[in-house]
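So the structure is just underneath, and the comments pick up after that.
By written order: A, B, C, D and E. Residues from 1 in each chain.
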Amino acid sequence: MGEYTTEELQSIFIMQGFSGLSLFSVLLLMGLGLALIFGQMGVINMAHGEFMAMGAYTVYLCSNLTEQYAPTFGPYYFIVSIVFAFFICAMVGALVEWLLIRHLYHRPLDTLLATWGLSLIMQQGYRSTFGAREVSPTLPEWLMGSYSFSEMLDIPINGVFVLILSVLVTAALMLFMYRSKFGLRLRATVQNRKMSAAVGINTGRVDRLAFALGCGIAGIAGAAFTTIGSTGPDSGSRYIVDAFLVVVSGGTASLLGCLASAFGIAQAQSILEFFLNGTQGKVATLLVIVIALMIRPQGLFPGKVRGN
Amino acid sequence: MNSRIFRTLFKTKAEAIAFLSFIVLVLIILPLALPVFRLNLVGKYLSFGFVAIGLVLLWGKCGVLSLGQGVFFGLGGYCMAMFLKLEASDPVSTAIQTTPGIPDFMDWNQITELPAFWEPFKSLPFTAAAVMIVPAIIAFIIGWALFKRRVGGVYFAIITQAMALIFSLGIDGNQGLTGGRNGITDLRTLWGWDIRTESAQQILYFVSCTLLFVCALGAKYITNTRLGRVLVAIRDREERVRFSGYDVAMVRTVIFTFAAILSGIGGAMFVLQVGFMSPSIVGIVPSIEMVIFTAVGGRLSVLGAILGCLIVNFGKTTFSEAYPDLWLYLMGSTFIAVVMFFPNGLAGILDKIPDLKTKIGNLVKRSSKPSTPPTAPTPISDEN
Amino acid sequence: MKTDNEDVLVVEDLGVSFDGFKAVDGFNFYLAKNHVHVIIGPNGAGKTTVLDLICGKTKATSGSVKFKGKELRKQQEFKIVRAGIGRKFQTPSTYENLTVFENLELSHPAGRGVFGCLTFRRTPEILERCHSVARQIGLSDKMNTEAGILSHGQKQWLEIGMLLMQDPEIIMLDEPVAGMSVRERAQTAELIRSISDHRSVIVIEHDMEFVREIADRVTVMHMGKILAEGSMDTVSKDPKVIEVYIGH
Amino acid sequence: APPTSEVNTTGLAVTDDTVTVGQLHSSTGTMAISETGSIQAEQLAIDQINAMGGVLGRQIKVIKEDGASDWPTFAEKAKKLLVSDKVGTVFGCWTSASRKAVLPVFEKENGMLYYPTFYEGLEQSKNVIYTGQEATQQILAGLDWIAKEKKAKTYYLVGSDYIWPRTSMKIARKHIENVLKGKVVGEEFYALGTTQFGSLINKIKLKKPDVIYAAVVGGSNVSFYKQLKAAGITSKKQTLLTISVTEDEVLGIGGENLEGFYSAMKYFQSLDNENNKKFVAAFKEKYGEDSVIGDVTQAGYLGPWLWKAAVEKAGSFDIDKIAAASPGIELDIAPEGYVKIHPNHHLWSKLRIGQWQKDGQAKVLYESELIEPDPFPKGYQ
Amino acid sequence: MIAVKNLEVAYGQSLVIPEMNFSASKGEILGIVGRNGMGKSTLFRSLIGMIPCRSGEISLDGKNITKAPSHKRVSKGIAFVPQGRMIFPYLSVYENLISGVQGRVRREDVEEVYTLFPVLQEMRNRKGGNLSGGQQQQLAIGRALMTKPSVLLLDEPTEGIQPSIIKDISRSLREIRDLKDLTIVVSEQVLSFVLDTCDRIMVIDKGKIVREDDREDVDAEKIKAMLAV
C-alpha cells in the first residue's frame, strides 16, 4: 500500500477497527433476543425480524407524533421511543406466546412453521398499515453526525450509540439470566418443563416473560437500527439469517457464546470485505463460519454435559 | 404386484387406497379437468414434491432438518437449464451477439468463450446424469463432513441455511457464468423438441408426475424396510443406534444424499416445465418454503408431503388471484392453523379418523368406561 | 464359581480426566471368558465412566483397551459394537417410537450396513429370535406396544433384550436391576447366569444381594481407582469397602 | 365505438364496452417498496382514460396480479393473464429479472408488456414497450455533466450485485475511461439486501474519489446513505451521483441523509411544466398529500397512455397491430415533457440531473436534449 | 396430610389407575410397593400434577387440589422426587438445589441439604448432568427438600444409590419426619428399605391397593410373595 501516507493508513486502520466493532454491536443486538428465544427456549422464531421491524415502526410513529405535538422534544424522542419499542414488542410477544407458542413447547420444530406463518401475517400487517414503501423516521441530528478527529478519521456517532446500547442490553440480559432468580427458573424450565413445574416453578409465566423479553430486545434492536438501516415491511427479514448464524455459531447454550461469535463474525466480515469485494467478502465470511462450525460442531461455547 | 413388495410399500389397505386415489387424481382427473396452463402449474407445484419426499425421509423420519434443500433443487435445475440454454444458443439465433453461439447473458458480461465447465452440458446424457450426480456428490461431501462430526439439530439446519445463502450469493456474484440474479431464461427446446408448446407441456407433466410417483414409492419402500426403522431410531435415540452397531453418520449421509438426488430431479423437472431457472428458487426463502410445504402436508408421510406441496402452492395461487391484498394473511393463518390443529400436518387428519370413529362409537354405545386401547396391527411377517 | 480361563478383555492403565478431574485413573481390569464380573463402588467412583471408555463413548486420555488382543481405544463406537461388545446404559435407553418388536428386531446384527438395511428380511429365524428373547424378558404380550409407554422396569428389560438380540461376546450392564421389583431381580439374576454360559458379562450394581447371586468376581472402585478385587465374600468383608461403600 | 369483431380478431378479452388489461407487479415481498408507485400510477392513468371515455369506446378493466417479488411467480402470473384472462395488454414488472422471466411468455403467447423501469438495455422485443430509459440514456449525459461541472477525474463505482448495476457500471467505466479520460479508482458490488457498508465506506475514504457513482437498490439504499452520512461523507465534502435514487427511495432514506447528492433521472416530481403539475395534483388527490412520485412511477403512468394511443392508431386491440403502430407515437401530455416511441420500442427521453433537498425533493440542475434510445450501444459492450 | 379419593388416572385410552383411595397423615411415612408397571409412578405423577386425573379428588390438608397446576401444589407444600431423577442437566448443583425456592434462598436450608448429602457440597459448581447416577439421585432429593415441603413424594429414591447412603437416607427421612412433622410417601423396590423406613406399607397391583399393613403387623414374607408372583 505504498500509495498512502502512514497517517492515512493509521486512520483507516482505526476506522476499519471501528467498523468491525460496530458490525459486532449490530450482530450482537440482532442476535440477543434470538439467543433468548431460540438459544434458550428452543423456539425457532422466524418472526424475529418482524419484531425488529415493529421496533423500527415504533420509532417512526414516535417520530411523527413528536413532530406533530412536541417538536421541541425532537432531539430526545429517540431515546424514549427505544423504551417504547421494548415495551410494545414485549407486549405483543407475550400475546403471541399466549396464543400460539405455549402450545408448541413440546414440539419445537413446529414453531418454525407457526412463526413463519406469523411473520407473513406481521409483514402484511405492516404493509396494510404503513404502506408497502419504506418510511423514514426523522432522526435527531446529534445521532447522525460523526466525531471528526482528523480529515481522514471520522467515527460515526450512531455506531457508537448502537455499540453502547448493545453493551448495555447484553450486560442487563446477562445479569438477568445468570444472576437473577428468574434467569435460573427460565433455564430450568427450558431444560425440563414438567419437572420445573414439579419443583414449584410457574413455567407458564416464566415462558411468557422470557418470550416477551426476547421480543422486547428484538424491538430495541429494530429501533436502534433505524439509525443505520431501513424501515419497511420486510426490513426485519434482512436480519434474520445473520441473527440465526450468530446465535448458532456461539453455541445455543450460552449468551457468552453469542457475544464471542458476534465478535468473530464481525471481525471476519469487515476484514474480508475490506480485502475482497462485497459479495465475495460475504461468501468468504459465511464459509469461515461454516468451517468453524464443522470444526466445533456445538458452536464456540458448547454447553454439553455427558448424556446417557 | 408381488404381495411382499406390496406389503413393504403399504402398511395398511387404507394407505394403498389413498395412494392410488392420489395417482388417479394427478394422472387422470386433473389432466381432464384443467386447461393445459393450469395443469402446467400443477406440474410445477409437484416438482417441489421431489424435495418434499426427501424431507420426509431426512427430517420426518431421521430428524435432520435441512434448510438448504433448495441448493440441491437448484443444482439439478441449473444442470438442466445449462443444457437447454446451450441448445437455445445456437449461432443462428444468437447472431446479433458479439460472440454468437454462447448464452446471451455471457455475451452481456463480455465473456467471449464458453467456459469449460459448460462444455459437457452440450450432451443430454451427461446432463441427465449430472442432474442427479452433482447434487449427490455435494450432499455426500457436506453430509459426511457434518455427520461424521456429529453436527445435528439446529446446527445442521443453520449450516445448511448458510449453504443456501452461499450458493445463491455465488450465483449472483458470478453473473457471467451463471446468469446471476436473472437466472437462465428463455429456454426453448430439448433435442429440437419445443418444450413450450401445449402438447409438450402435457407430456412433461405426465413424465414428471410418473417420476414423482416412482420416487415416492421408492421412499415408501425405504421407510418400510429396516432402514426406515433405523431412521426413526436415530431420530429418537442416536446414541443407542450407535451402540446397536450402526454407523449413524453413514446412514444419515446416505439419506441426505438420497434426498439431494431427489431434489435435483425435482429441479430438473421444474426447469423443463417452467422454462427457466433462477436463484430466486434456490436461496434461503425457497428452501424454508419447501420445509413448510412438507410440514403442512405432514412430515411423516410421503403422500402427505406431496399433497402439502400441491395444496400450499395451489392456495398461494388462488388466494393471491382472489385477494391480492389479503392473501398473505390467509397463508399465514393457514400455516398457524395447521400447526395448532394438525400436529402431523394434513396427513395427520387421516390418522385422526380412526380416533374419531372410536369416539363416535363410544358415544353411540354410551359406554362410560373407555374401551381398551386399539391394538396395533401385528407386524408383517414373512413366515408365509 | 467358575475357574479362571483366558481374558477376553484386557484393560490396562486406563485413565480419563474432565477439566482436570481424574474420573478414572490408572485402571486395570481383566475380564475372563464366560465370567460375570461385577464392578461396585460408591456413587461417583467412576464405574459408568469405565464402561464409557471401553465402548468408546468417552475417549480415554491414557491406557489401552484390548479385546481378544485387538486394541479398541481409538475405534469408533459402532465398530466396537460390531466387534462384539454390547452395552446397556444406566438410564434405560430404548427407541420410544418403535414397538417392542421393532426395538428387538433392530438390534439383530444381520444387515447393519446401509444397504444391508435395505435388503434386510425378517426371516423366520430372526422372528423366532425376537419372540424367544421377548419371552426371556417377559414382554411377549407387549410386542406391539411402543417402547415409550413402557414402565421404567419394562424399559430396563427391553434394553437387556436388545442386547441379547445383538448376541455380543461381552455384555456390559450398567445397573440392570435398578428400579426392578423383587421378582424381576431374581429373573434377571437367572438370566445373567444363563447368558454367561457362553459370553462374558460386566455388571455394575449397587444391590449387594443381587451381586452376591451373580458375581464370579468383583472389583471395587473408589475415586477412579481399584480399591479391592476378589470374590464377593472377600470383598464384602474388606473394611475399606465397608467404610466407603457398604456402610455399617 | 367500432364493433368488437373488427377491433379484436385474436380472441382477447374485449367486449362491446370493456377491455380487460393486466397489471403485474409485486405488491408483496421485497420489491413491493419499489413497485407500489408504478401500480398507483398505472391505475391513475387507467382511471383518467376511463373518465375520458376509455379506449375505442371501451372502459378498461384491470386484473391485478401479485408477482410477490418472485420471478417464477411473475412467469406464472404472466401466463395466467395471457392464457386464461386473455388480457389486451399488461403493465408490469420492475426488476430486470422479473422481465427476463416473463419475456419468453409474452413472446410465446404474443402478449404486450409495458415495462416502466430504467434498465440495462441489451434487449428489444416486439412484445415489450420500454417506457423507462435504457442504460445509455441515463448514464452518458449524466457523466458528461458531472465531469464538466465538478471537474471530476476519479470515480468510485458502487452497485448492487445484479445485471442492471453491473451493466450500467460497465457502460459508465467505458465512458469515463474512453470519453472523459478519467479514472475509475474502485468498483464494488454488494449483494441485494446488504445492510452493512462500513468496509466499503472506509475503502472509499482511502481512495478519495472525486465522484461516488452509485447504483445501489432496494433496502440497501437506506443503509448505504445513512451510513455514508454517519461516516462524515456528506455533500459538503464529497460529490455523489446516483442512478438508482428516486423520490420513492428518498422516502425511506430521509431527505436529510441525502441532501446535496445528485441523481440522474429522466423525471423528478419537481419538474416545472404544465403536464407535470396536473399529474402531480391528480396523483396527490388520489393517493394523498404525502405521496411522492419517482422516475419509475412516472414511466408507469406513461404505459396506459401509450397503449391507448397505439390502439387508437391501429384501430384495433390486436397485439401485432399495436406493436406495428407503436413506433412514432408521441405523447404530449407526458409529465416528463414529451415522449416518442422509437422503432426499437424504447422511448426518446431527456436526462436530468437533480440535486436532493432536505424535504425529499430534487432541484433540477440540468436537462439534456432528447436522447435517442440505443439498447445495443456500439463501443460500450 | 394428603388424601386421595376415587382417583382414576389414564394415559389417553389406557386406564392405569382405575380407582384408588388412601390417605397419609401428618408425620407418617407411607411406603408403596408393587411390581414394575403397576402404576406407582403414575400415582405420583398425578399427585404432583404432571398428568391430570380423569376423576376423583386429591386433597392436601383438607383442601382440594385436584385441579391445581404443579407449581401451585408445590407452593402449598408438596415436593416430588421423580423416578429417573430428572435433575436439570445444564444447571450447576447449587442452581438445581435452589431452582424451586420461592423468595430468598436461606443459607441454613442449603447447609442442611449439604450435611445430608456431603457430596453435593463438594460438587456444588459442577453441572448436574455431569454427576454420576447416584449423585444425581441425592441431588434430586436435596432439591425437593429445599422447598420446605409438608408432604414429600419420593418415587424409588434409592435407585442407583450405594448401600451406605441408602442407610443414611432411610435414617434421614425418619429424622426429617420427626423434626418437621412431614408426611412422606415413598415407593420402593428394595423391601428392606421400606421395612426400615416406613410406618405403613401399601401394596399396589394393576393400579389398585391390594394390601395395607402397619409396620408392626407387616409380614415381610407375605409381601415378598405378593411381589414375586
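Everything that follows uses one rule, which is that a contact is a pair of C-beta atoms (placed from the backbone, for glycine too) under 8 Å apart; a residue touches a chain by one contact, two chains touch by 3 or more.
Just so you know, these numbers come straight off a predicted model, no measurement behind them.
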Set of chains whose contacts include both chain C and chain A: B, E
Count of contact steps on the shortest path from chain A to chain B: 1
Chain of greatest Cα-centre distance to chain B: E
Chain pair with more C-beta contacts, A-E versus B-D: B-D
Cα-centroid distance, chain A relative to chain E, in whole angstrom: 44
Chain A-chain D separation of Cα centroids, rounded to whole Å: 35
Centre-of-Cα separation between chain E and chain B, whole angstrom: 51
Distance between chain centroids, defined by C-alpha means - chain C, chain E (Å): 29
Of all residues in chain A, the ones touching two or more other chains: 123-124, 279, 282, 306-308
Multi-partner residues of chain C (at least 2 other chains): 89-91, 93
Two or more partner chains touched - positions in chain E: 14, 130
Residues of chain D defined as touching chain A within the complex: 27-30, 32-33, 35-37, 161, 188-191, 193-196, 198-203, 205-206, 219, 221-223, 226-227, 229-232, 248-249, 251-254, 256-257
Touching residues on chain A, where the partner in the complex is chain B: 38, 44, 46, 100, 103-104, 107, 109-110, 112-114, 116-121, 123-125, 128, 241, 244-245, 248, 252, 279-280, 282-283, 286-287, 289-290, 293-295, 297-299, 307-308
Residues of chain A defined as touching chain D within the complex: 4, 8, 11-12, 15-16, 19-20, 22-23, 26, 123-124, 127, 131-139, 141, 144-146, 148, 152, 154, 156-159, 225, 227-235, 237-239, 269-270, 273-274, 277-279, 281-282
Residues of chain E defined as touching chain C within the complex: 11, 14, 33-38, 41, 83-84, 119, 130-135, 137-138, 156, 159-168, 189-191, 224, 227-229
Touch list for chain B against partner chain C, complex: 222, 225-227, 229-230, 232-233, 235-237, 239-240, 242-248, 250-251, 254, 375-383
